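Worksheet: one structure, shown below.
To keep things simple, chains are lettered A, B, C, D, E, F, G and H as they appear, and every chain counts its residues starting from 1.
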Amino acid sequence: MKTEIKTLLESVKDGTMSVDDALLRLKAEPYEDIGFAKVDMHRNVIQGNPEVIYGAGKTTSQIIGIMDAMIRNGQSRILITRLDKASAEEVAKVHPIKYDELSRVAVLGEMPEPNGIGKVVIATGGTSDIPVAEEAAITAEIHGNEVIRLYDVGVAGLHRLLSHKEEIMNASVIVAVAGMEGALASVIGGLADCPVIAVPTSVGYGASFNGLSALLSMLNSCASGVSVVNIDNGFGAGYLAGMINHMEVKK
Amino acid sequence: MKTEIKTLLESVKDGTMSVDDALLRLKAEPYEDIGFAKVDMHRNVIQGNPEVIYGAGKTTSQIIGIMDAMIRNGQSRILITRLDKASAEEVAKVHPIKYDELSRVAVLGEMPEPNGIGKVVIATGGTSDIPVAEEAAITAEIHGNEVIRLYDVGVAGLHRLLSHKEEIMNASVIVAVAGMEGALASVIGGLADCPVIAVPTSVGYGASFNGLSALLSMLNSCASGVSVVNIDNGFGAGYLAGMINHMEVKK
Amino acid sequence: MKTEIKTLLESVKDGTMSVDDALLRLKAEPYEDIGFAKVDMHRNVIQGNPEVIYGAGKTTSQIIGIMDAMIRNGQSRILITRLDKASAEEVAKVHPIKYDELSRVAVLGEMPEPNGIGKVVIATGGTSDIPVAEEAAITAEIHGNEVIRLYDVGVAGLHRLLSHKEEIMNASVIVAVAGMEGALASVIGGLADCPVIAVPTSVGYGASFNGLSALLSMLNSCASGVSVVNIDNGFGAGYLAGMINHMEVKK
Amino acid sequence: MKTEIKTLLESVKDGTMSVDDALLRLKAEPYEDIGFAKVDMHRNVIQGNPEVIYGAGKTTSQIIGIMDAMIRNGQSRILITRLDKASAEEVAKVHPIKYDELSRVAVLGEMPEPNGIGKVVIATGGTSDIPVAEEAAITAEIHGNEVIRLYDVGVAGLHRLLSHKEEIMNASVIVAVAGMEGALASVIGGLADCPVIAVPTSVGYGASFNGLSALLSMLNSCASGVSVVNIDNGFGAGYLAGMINHMEVKK
Amino acid sequence: MKTEIKTLLESVKDGTMSVDDALLRLKAEPYEDIGFAKVDMHRNVIQGNPEVIYGAGKTTSQIIGIMDAMIRNGQSRILITRLDKASAEEVAKVHPIKYDELSRVAVLGEMPEPNGIGKVVIATGGTSDIPVAEEAAITAEIHGNEVIRLYDVGVAGLHRLLSHKEEIMNASVIVAVAGMEGALASVIGGLADCPVIAVPTSVGYGASFNGLSALLSMLNSCASGVSVVNIDNGFGAGYLAGMINHMEVKK
Amino acid sequence: MKTEIKTLLESVKDGTMSVDDALLRLKAEPYEDIGFAKVDMHRNVIQGNPEVIYGAGKTTSQIIGIMDAMIRNGQSRILITRLDKASAEEVAKVHPIKYDELSRVAVLGEMPEPNGIGKVVIATGGTSDIPVAEEAAITAEIHGNEVIRLYDVGVAGLHRLLSHKEEIMNASVIVAVAGMEGALASVIGGLADCPVIAVPTSVGYGASFNGLSALLSMLNSCASGVSVVNIDNGFGAGYLAGMINHMEVKK
Amino acid sequence: MKTEIKTLLESVKDGTMSVDDALLRLKAEPYEDIGFAKVDMHRNVIQGNPEVIYGAGKTTSQIIGIMDAMIRNGQSRILITRLDKASAEEVAKVHPIKYDELSRVAVLGEMPEPNGIGKVVIATGGTSDIPVAEEAAITAEIHGNEVIRLYDVGVAGLHRLLSHKEEIMNASVIVAVAGMEGALASVIGGLADCPVIAVPTSVGYGASFNGLSALLSMLNSCASGVSVVNIDNGFGAGYLAGMINHMEVKK
Amino acid sequence: MKTEIKTLLESVKDGTMSVDDALLRLKAEPYEDIGFAKVDMHRNVIQGNPEVIYGAGKTTSQIIGIMDAMIRNGQSRILITRLDKASAEEVAKVHPIKYDELSRVAVLGEMPEPNGIGKVVIATGGTSDIPVAEEAAITAEIHGNEVIRLYDVGVAGLHRLLSHKEEIMNASVIVAVAGMEGALASVIGGLADCPVIAVPTSVGYGASFNGLSALLSMLNSCASGVSVVNIDNGFGAGYLAGMINHMEVKK
């Protein structure tokens, strides 16, 4: 298999194969089967993107095993989400990760230089939404995006949000992170002219029903340009924000 | 019974009995049983408040029957909510009601002069929320309140709401009527210093789940001073707004 | 900034600016950004109201940091809700708070003299609803309200409630706290002539679904003058009760 | 088969077989299979109880077919529930039923003399709950119970309920029918010492969610002796009330 | 107060006052207010019924306090439900209770002789439903009922249930306790001719949604004579069963 | 394309290609794109199975268009489900379908001879479940299965079900169709030793929540060998039953 | 006001003001208040974007009134969604709209030339999802996007989807429209490297719960780059797709 | 009893009684009542099938007691599911079980030789679904089935699934285990021609609502031949798969 990939990469390099064609081919390539997981190979190597491991529900040794397989296949930048502190300490003994306790995100390798269209603004309604926001922020950063953090700008104190009108108007993409009534997404969606990715959080109590309230609120936003990801899914929002912030002309 | 009531009213008039004491006594008074309903008597006669008939699920003849009983007991001002057009036309043949088709509210008798502490502001997120808002507005007006209507000021176009900041800051009570994401209550709650009564409406589609989204959103409002009534319950909000707008010192 | 505020306060003092106008201006004033939170300033200083910190989901050091910022800006009365015992002990080492273990509420500064229109009655259905009721009671008290506690007066033993008919008839505002079937709000709403704020609690089991049963029950109350706050939201109810109990004429 | 049944009935008559033993045997007896339905035979003939047809979702000809089979097997008293008016008129051409339009209940045969332990009280919260209550009332009456109707005694006007304290205290069984917040069951449960059967109704709007609110409320009743049947299930409540009102000593 | 009660009791004893009239009077009697609870007095003393304390959400000292108040007022038989083991051990140091670990029920005083109409059958679908069933059983026994336990007779093994057909046919009342699909109530309801009280349990996983599945199933039972209590509410079922099993002629 | 298919079919016929291999190939074959639908070709031609059109949400002309495409590709047996009567009459003008009004199923072509392992038993709880059951029955029959119908054998009248114990014990597969409490699946599952496919129906009212109750009940069945399809999905059950009844040894 | 706007537009034209700055200013401009609605002005005039009217819940005369106001303010391209056929015919008498019956979308003015980054692919799971997809498609087209329609490519016939792998790989943005199990979004999300906007539809029956099933499924997608809009919200998806397809570098 | 059984078994052996008839008889046989459980006897002895104990909610001594009863009645092969590690260690001291920690399944006795029609394929969407899949796999194996495990083949990486097309096409039955969006069942259902048993898992977070999302998704699968078992019910799926894989001609 190795030779094939090498040939393919050389074709990309010397221009006889486009990146898109190469991607198409690589998507159909085999993966490495390590028993409890099938690790996709090569896809991200070409573009310099990190591979991502969703840490929840995996044992430390499974996580290390997947990292080993990724590194074996040429990947030098890895993002691990939902990694609890104890596991992070175990992993850190084997691979030199940096770990952010608040968002439970670990990163292997250097952060790339931002090279997106513009800036990704990540806003939260309150202080308790910050862990989810940081998961989004680090995800966006490791995918080459400059991130502006606007934390604790919930709509119940509108002046705090309005004093950041300029960052909002000039953003390339905005990630709006909020629990409870989730109104932040609508208000930002009304102010901004760019795509807004709404992340409901499970912050709240009682009739917030673990994020259901914010989720429904965001899905019903009457502001245009707003779409929604799963409750607490900071990674998904950060990833999509980065993708949109790297849109380029396809012929 | 008649004599008792008369005596009681005279005691109130000549000051030997307080209004509160009289109310207390009257609450325990019998009602008129007209078979399908037990019509409370006298309670509102003293204070000039209207009696209220909830029209939904009652036949035209039941409604007329209840009105007859009320009038028989001295009531000259009656509010009928949730009255469909066909029934209203039938009722109008018997009693000289005024009927508002949009809100399906009928009124018998003259509107009183406003005599509240201040003004009741009634705001809606969109055009479709107006029927519920009008139910609230007419209810407040017939209970002696001056109403300011701010319609179609939803948070997705924040400048429309902000251009009415003054009315909001100076309101005595605010009724915030909104469907879909229901964010209006939180934003108004953050701007105002007075009680805000949030009315979720069933306006919307899909994940609005007939008002559930707005309801949960409003219950989770992180703005202080916000409370919530049932979905589409314009009457309840207008009634409570009027009650708050007539607060007076109790010794 | 300081001078501006000072000028403004002096204008209020010497009558060249109304309190409302000052409030309006102050709402647009900057806040102090302490990284993880944006602390609103000055708003409550003028009126003597306490600032409030919602303790849940904040670390002890975040709470202390917010207190520091508040005190730095002239606030001497602070209410902290949802503060667990361990945190409270930490905070108490830095600031001389009084802590109520049952309701998990901490108070910094002296309780003010009651100066409301009348009395706030706080009633509970059962013994287990008392923590939520106390959160409401302390919140109301620190906002200058006299509170009457009627605990364990649930509707299944109607005589217990009826023996307090007088307190209920004479209340300025009533907070009805109940879990399970939440019928207390309706029965009190039927007895009283003042606003009733219903607080569903998560007390119960099985089909109470963590307070959903009481919440729905209260939203569907057929008594007029009843509105609802979030499940277990004693603070919200106490705050709103206090606000209603301080209604005054706005010109 | 006929002879067997006859023998059995004679054994019951001459006392060589107890009613219970006969019932036990009859329950295992064949039914008449009329294609779209399997009609149970004989069971009720002995005790004089009516057979019951649940009319919803059955065509007029199916209903008549089932009646024919019942009559063919000796049954002279039949109760048909959920029968719409058009069908009732069709049925009436074939069998001399009496039809109650409000509750959509039809009865064939004479009402029996009441022979229960005491009286069955059927109470409703409002006027709109009467159709369900009447389904319960007629069901109870055709099973030999004396019924006392207490309609429109909802808890928001407690004095209306309290003025019937005596009927409630003296009832043998109580059926409490209510929509919206469903608090009636708890309050009655607290007043009475007899079994209370709670029937939630779909009366209401918004957060009543078609009876869910009343259902949950009733299931969470903290009054002892309360049990619940399905939303709008007047028949079930009336039947069970009658069963309890005919309890007798089993050796 | 004492003398009044004594007089009343003597009137009952010498026949100048009926038990019902005495009950009616006693229900309106004051309760003992012990701060965190209002303890009803006298009601059960006359009939020999135990007072009941719902232990969940009460501290050990609150429970002991309530017991003290009860005993002070003449009650010698007390039932405590939902009492965890640690609390039970504390209580046992003060009052000589008997504690059943499985059902978490404690009993003070002697069990009375059964004096009901017939026997109460308590059946469970599986082994895991036994704790709820035992709560029902002990509750019924302390109210003077003979209880027959039929455990682990779920419908998936119909022969186990059918081999107890006789107990079921001869029961006075049946309590059907089941989680998961809750079909037991319907099958028993079809076999029996007596009232069936269905108790859904939270036993199960996944789509049982903590008892919701069994609850809905039981509410929808097409067997007549079935009513439902709250999920896991063994006490409610046992109490109601005992009440029905003690029905007697009221004149 | 035609020649390819022909060659392939000949290879199957002369044994140089197995049926499985041919199927595998055909699954990857193109479909006919008729604009609003992409009609799969050939798959069923070989095995004599009918093609199926889900009629709901399709216009009559779309349905006829799809039939035309199917017939054009050699299919002579077509099953159309969820076809309303008006559409059926239109279709019948173009293609000689047989239409069953009760189940809203139309069939084009002759029913095949049954050639399954055994018999498919289709049982319903009540009369109202028959339309769903017939959808299952006709689906099974057109796929070559002998069907035994056991209608109205709900568990509340257990003897009706038990009198068919033999058919149940000897079935190859059983489809259990029931609404309301959905207990039929569990009871049959306990009696039978073959796969039971449970079909919840939307028959019922109130807390049946349009089939949710039966669905949850069936998913929680404690009988082994029971699986569930969507509410009212008679087709899915009939199709799967036929598939299981045609299991054969794969080498 | 006119002069101001004119000046501003001239500043944009002669380059002394950037488009972003102008937008920022215009967002704060007044709107035209036409009683039942507040119509935003000018915003879209500069960029050539259409104004949008959400037709549901508005009367024909309200819609025409809003159109009049928009035209009065210089807008020549208007999109009306959720417009029923009867209203469309009324509107067409006044304004020369084109109306698409399937998607209930009306367009006033010419469609612009596509000028986006790439192509917007709109895929549906089935034929019944086409109306929602067309709402998305027309919305995208009127905002200057080239749209490729891939209809009826649901995952149960994977070859139909896979035969369009190239369009999917080369898309700039993909809108995945599906009801029932909503799996289309995940499968497309796994194949594509561009943002995928998932639109759950209310197509389905039974446990699809009017689109809830597809909504939850799409929110839980484990493919990266997928976000979700409200059930049946074709407009929202088409608008957001167009916005992403017009991303450009912001300095 | 012993003799009866023996006679019956001899009749089976010498061919005077069919296995089916014997089964029928044995099903009606008594069970051993060991107090907290009624253990079915003999049923599985004849066919060599294991008895199954559902370990959740049973104490270790109850489990051992049931095992003892089973062994006493001739059973040598026992499957225990949902057995936590601590209990397993206790049981292992008494009976020589093999315990799989991942799936919490214990097995007593030897695994039988596979003797089914074909192979059972068990596929999972991700790594975290493996515990449920293993419960299914071991259950299928102990019932005599050959199992092929395809783990981590979720639809977001379609090539991983497609590279196993052959195993899927050749399977006798497929068990599709997936959480989150649960799309695996539909995609496999579209590829395969055999029965697919879908097992939703509680893997996921936020709007997965503990498996509800996957459950609804699977119930709404538009692929034919798919049925669903309870969330996380690996045992149920494995058992049913084995049953289908052992279908044989019944005369």
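Following the convention adopted for this analysis, a contact is a pair of C-beta atoms (placed from the backbone, for glycine too) under 8 Å apart; a residue touches a chain by one contact, two chains touch by 3 or more.
Just so it is clear, the model here is predicted, and its values are computed rather than measured.
> Spell out the chains that contact subunit B while also contacting subunit H.
A, G
> Thinking of B-D, which of A-G, E-H or D-E forms a repeat of its interface, with over half the contact pairs identical?
Among A-G, E-H or D-E, the interface that shares over half of its contact pairs with B-D is E-H.
> Which chain pair shares more contacting C-beta pairs: A-G, or C-E?
Of the two interfaces, A-G and C-E, more C-beta pairs touch across A-G.
> Once you find the CA centre of subunit B and the CA centre of subunit G, what distance in Å lies between them?
That pair's centroid distance is 39 Å.
> Centroid of subunit F to centroid of subunit H, CA atoms only: how many Å?
Centre separation, subunit F to subunit H: 25 Å.
> I'd like to verify one number: the distance from the centre of subunit C to the centre of subunit G, where each centre is the average of its C-alpha atoms, in whole angstrom.
Here subunit C and subunit G have centroids separated by 44 Å.
> Which subunit H residues touch at least two other chains?
Answer for subunit H, listing residues that touch two or more other chains: 27, 157, 191, 206-208, 212, 215, 219-220, 224, 230-231.
> Pairs of chains that touch, anyone?
Every touching chain pair, ordered by label, is A-B, A-C, A-G, A-H, B-C, B-D, B-G, C-D, C-E, D-E, D-F, E-F, E-H, F-G, F-H, G-H.
> Within their complex, state which residues of subunit F touch subunit E.
125-126, 154-158, 180-183, 185-187, 189-191, 204, 206-209, 212-214, 216-224
> For the complex, which residues does subunit C have touching subunit B?
So the residues of subunit C in touch with subunit B come to 20, 23-24, 27, 52, 117-119, 165-166, 169-172, 191, 193-195, 197, 215, 219-220, 224-231, 236-237, 239-240, 243-245, 247-250.
> In the complex formed with subunit D, which residues of subunit F make contact?
127-128, 130, 151-153, 157, 159-160, 163, 203, 205-208
> Quick check: in the complex, which residue numbers of subunit D touch subunit F?
Residues in contact with subunit F: 27-31, 35-38, 40, 56-58, 62, 200, 202, 210-212, 215, 230-233.
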